Amino acid sequence: MAENAEKRNYRGRLHDLQKDLMNDYFDQMTRSANGEGDPSVYLLISGNPVELLRAFDLLPIYPEINALQTAVKKKALPFIQKAEEIGYSTDNCAYVKADIGLYFSGNQAPMAKVPPPSLLLTNYVGCNVYLHWWEHLSELTGAPIFDIDIPFLRTPDGEPRPEDIQYVMRQLGDLIPILERISGKRYDPDRLREVVELSRETGEYWAQIKLLTQLRPSPFDAYFDAVTMMGPLYALRGTKEGRDYFRDAYLELQQKVAQHEGPLPEEKYRLVIEGPPPWPYLRTFREMFERWGAVFVASSYSTVGGLWEFGFRHDPANPLESVAMHMLKWNLTNRNFLQRYAQLKSYVDEWGADGLVIHSVKSCRLFSAGQGDMREYFARQLGVPTLLVESDLEDQRYFSPAQMRTRIDAFMESLEHHKLVSHG
Amino acid sequence: MAAIGLPQLEEAQDLTALVDDLRVLFEDPDFKLASEIKRTTGKPIVGNFPVYSPVELFHAAGAHPVGLVGAGNQIEIAHADSRFQSFVCSVIKSTLELGLTDRLRDFDGMVFHSICDPARNLASVFKRNFPDQWVEYIHFPQNLVSESSVDYLESEYRRILDRLSELTGKQVTNDDVNQSITLYNRARSLMRDLYAFRRDNPHVLTTKDLYTVVRAGHILTVEEHIRLLEHVQRLVQTKQGHERDHIRVILVGSFCEQPSLDLINAMEEAGLDILDDDFMLGRRWFTEDVRADGDGVRSLAEAYRDRSVISSVKHDSRRHKGEELVAQVRSAKADAVIVSVPKFCEPGLFDYAIYRRALLEANIPHLFVEYEEKMWLFDKVQTEVETFVESLLLD
Amino acid sequence: MLYRAGVDVGSTQTKAVIVDETGTMVAKVLVDTGSNVVKAAERAFVQAAEQAGLQREQVDYVVGTGYGRFNVTFGNDQITEISCHAKGIAHVNPNVRTVIDIGGQDAKAIKIDETGDVKDFVMNDKCAAGTGRFLGNSAEVLNLSLDEIGERSLQAKVPVRLSTVCTVFVETDILSHLALGRSVENILGGVHSAVAARVVALARRVGVEREVALTGGVSRNVGMVHALEKHLEVPIYVSPDAHFMGALGAALFANERAIAVAG
């Protein structure tokens, strides 16, 4: 029975190391804010081209990470409300509102002081809100914008067109002199190659890690533990520390595999999850599944930054091209909605899952608009047990624990029954 | 011969009566006029979702572009809300509902654009729900600073043109494209003239009437639309109007999902002289004529970058939306701004925050209203507008 | 003879059902939940035992369900109302394949097989349109009791069209219609039709298969049953004990589990 599942989730070295690394990163942020460190460039998570910044020793700042960290600490609401007071709607993405509210509160986030941008780099990889967000920040901070416009994957073969690739390459060509100016450093192709090589190695470890969850039991939770690793994947990719972190994490997880250990004492259900997590209620949400012995073996959210487990690697022989292809093709958000269905389906099939959970967040329409259709496809067309629940990734007002729990429990009850019947 | 579905223009000497006839054409959720055009001209119908669509290419390829802007308040949404959640704007759902209730059966294709995340996902949802339907998606460039964006858009247009040719079976020449550009230039220039006339004579040409005449162009052939616009241009010259005790406003935010005609009318009646607006922006996208004597596809791509209006779904880091709005108010000598945004329209709602900052700073009063196309009663909006008008008139 | 109970703690009402080993209902009790949820559960259970003429100890297994299921402190287990409604309805009518349940705060559609197993279910999203609350708010604006609105909606000649299904704005909407001189009956016709439309849309997500049953508190509202039948174009089965289906299902689960525990 559900209640017997012992409440003990996995916390290993990779969690502690992550904390240290991210704290260092936040310290760098604060130093930069105090005018001591490297100049900062704002960029976005989706298919992030962080290598370009690392090659110029520019500090990447992800307002999305700041927003989610603030939410995890349940400190986002006052920022959101501040933004709503000055004309932002309840229906606007709450990441943006938390960030705008932060700006109007002197940029003091709970974990760091956020430096003002030297450049607002819009890697427009899927999310339309990105374009708006940076437009607002530019107006407020006076910092220049550079839009890297990434054509969406829209043709039947699901591939970028040669013209799309050329377009992106030319924009990267336009960007380089700007990065030179901001950093005061000349573009050094060898340095970029080094950074890209580090990213390649990081990607290799990360891909291996993600494939481990195909095993039974899965050595970690591909949602709740994967998000822990996503911080370093974006903030530190292209650095030695970042690469070493993923090497260590891989070794640790391999050991768990050798000992047949998973994140829970017993893996009773294997689930796939779609959508970003409810950051302010991350713990609560996790427990709602843990008490049933359910582990997420794959998540679409963990591929927003890149689709390494499906074969992508940065290529030091063609560093700029591989950065371009990363944004164009090798991430979740620049792929169309039907490609996302296919990705989730392969998770269900190849990762051997019992069902799909769709966490539909109001803030992020990139993810959520149309998830009813996705539910229809999985539940009715494919016959995969599917649960759709709604809340938000940032705004705690949209999470009602009792409602959420009832839906999850009912879903797990039916899965439980299904298991009993199919196993005789 | 009488034009298809179009009232006998020679006899239509009363603009109000003409508008009532036209309204029926575009408020028809079964698109009977479009079907009729398809039957008589043999042209396939390609629907285009707002905001902007390169209709010249559709026309040049021998298709008839029909603007598909949801279903207003004409149908109930009974199926589409199982696909899109409650926090998604209505036009997404009503457009899908039209498909799910088989009202688009005479449409041969659908084109969506990169205006917002829901519209983009809608393109995929259309593909899944109607696997036999021809569905295309245009990614418009967002880095308009870069020279490469024109090359990119040109290639994107050529791709769409090829796809359209597959649909219609017609090989398209550069002359075809230029001829289409010429026609649409003519329609746009007539609309610009009517807009200018309305700005100076809002009591003669009301927004309700102007809107209807423009909106009819979403369903009529461009040739018919030009005839209609020319006729209306003649009618308004002699039309009498009564000066009203209204305030003069610019209306922004209604570029995609449309308020019902009755809501537009209600706002006007509540005391607004609307001098400029962004209703039905897609068919009025260019501020000047598009070149019609060069490489047509290239000209359209260039015009997108350099001669098009700014809107919440177009991003151009060379321009500032707040400043442009303030300049627009000043040049029209407007008293105030109405920001009317469809509920759940994220692009419009984001821009409101920008407008608000700019308007406060410039000391220009504004009213923010939210609407839904399916609204049926407008008391709340009407009261808001009335109160706003009173507060300004009493100043 | 051994007995088992199910206690369904809803936001407004709490129901308790006791069954014997064969699954026959021997008691059913309904009390107002009030502010003390734990006490309400206790009260309903004690009264049910009295009704059946049983000592408390004779009931050896209790399952709590409903939103307050974790407040059934004397319960052996908690099971969601979704599973329980399905179980209950299949017991009284094994032909049912689609269950529609409209509660005060939420609405759900459940697809079941002949044994009452849940094949799929959906619940309303964040928005409370299509729930009992919408009916409640409407009744309040019209100064009527919840019990009379269903009956009166049946007399609607030209049901009005509401411009919103939003629980918050329905009040203004109704007031506008009143101001336009529309009759209370026509307004109520519109209100019921709006809720039915939402609920039917919900049911379509799991696929509507006959027979269709309506459970939960709103099942006593004849106007709602009528409106649903009109929108679905199929007859709706309403058990005389429709609002006890959750508690009955819980009691039946208690039966199964007690037997499983006994081994």
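First chain written, first letter: the chains are A, B and C, and each begins at residue 1.
The rule is simple: a residue touches a chain if its C-beta (ideal position, glycine included) is under 8 Å from a C-beta of that chain, and two chains touch if they have at least 3 such contacts.
No experiment lies behind these values; they were computed from the predicted model shown.
**Student:** Enumerate, in label order, the chains that touch chain A and chain C alike.
**Tutor:** Expected: B.
**Student:** Hey, which chain is the most central one here, using CA centres?
**Tutor:** So the chain sitting closest to the middle is A.
**Student:** Which two chains have the most C-beta pairs in contact?
**Tutor:** Top-ranked chain pair by contact count is A-B.
**Student:** On a C-alpha centroid basis, what's the spacing between chain A and chain C, in Å?
**Tutor:** 40
**Student:** If you average the Cα atoms of chain A and of chain B to get two centres, how far apart are those centres in Å?
**Tutor:** 36
**Student:** Just give me the whole-number Å value for how far the CA centre of chain B lies from that of chain C.
**Tutor:** 46
**Student:** List, in ascending order, every residue of chain C touching at least 2 other chains.
**Tutor:** Within chain C, residues 125-126, 205 contact more than one other chain.
**Student:** What residues in chain A touch two or more of the other chains?
**Tutor:** 360, 362, 372, 376, 390
**Student:** Using the touch definition from the top, which residues of chain B touch two or more other chains?
**Tutor:** Residue numbers touching two or more other chains: 81-82, 85, 87.
**Student:** Show me the residue ranges of chain A that touch chain C in the complex, using the header's touch definition.
**Tutor:** Those in contact with chain C are residues 1, 360, 362, 372, 375-376, 379-380, 385-386, 388, 390, 398, 402-403, 406-407, 409-411, 413-414, 417-418, 421.
**Student:** If you look only at chain A, which of its residues touch chain B in the complex?
**Tutor:** Listed in rising order, the residues are 83, 86-89, 91-93, 96, 100, 124, 126-129, 131-132, 135-136, 138-139, 145, 147-149, 151-152, 154-155, 161, 163-164, 166-167, 170-171, 174, 336-338, 341, 360, 362, 365-366, 368-373, 376-377, 390.
**Student:** Which residues of chain C touch chain B in their complex?
**Tutor:** 125-127, 129, 161-164, 169, 172-173, 176-177, 197, 200-202, 204-205
**Student:** Going by the contact rule at the top, pick out the chain B residues touching chain C in the complex.
**Tutor:** Of all residues in chain B, those touching chain C are 73, 76-79, 81-82, 85-87, 374-377, 379-380.
**Student:** Enumerate the contact residues on chain B facing chain A in the complex.
**Tutor:** 81-85, 87-88, 92, 114-118, 120-125, 127-129, 136-139, 141-143, 145-149, 151-152, 155-156, 159, 315, 317, 320, 322, 343-344, 346-347, 349-354, 356-357, 368
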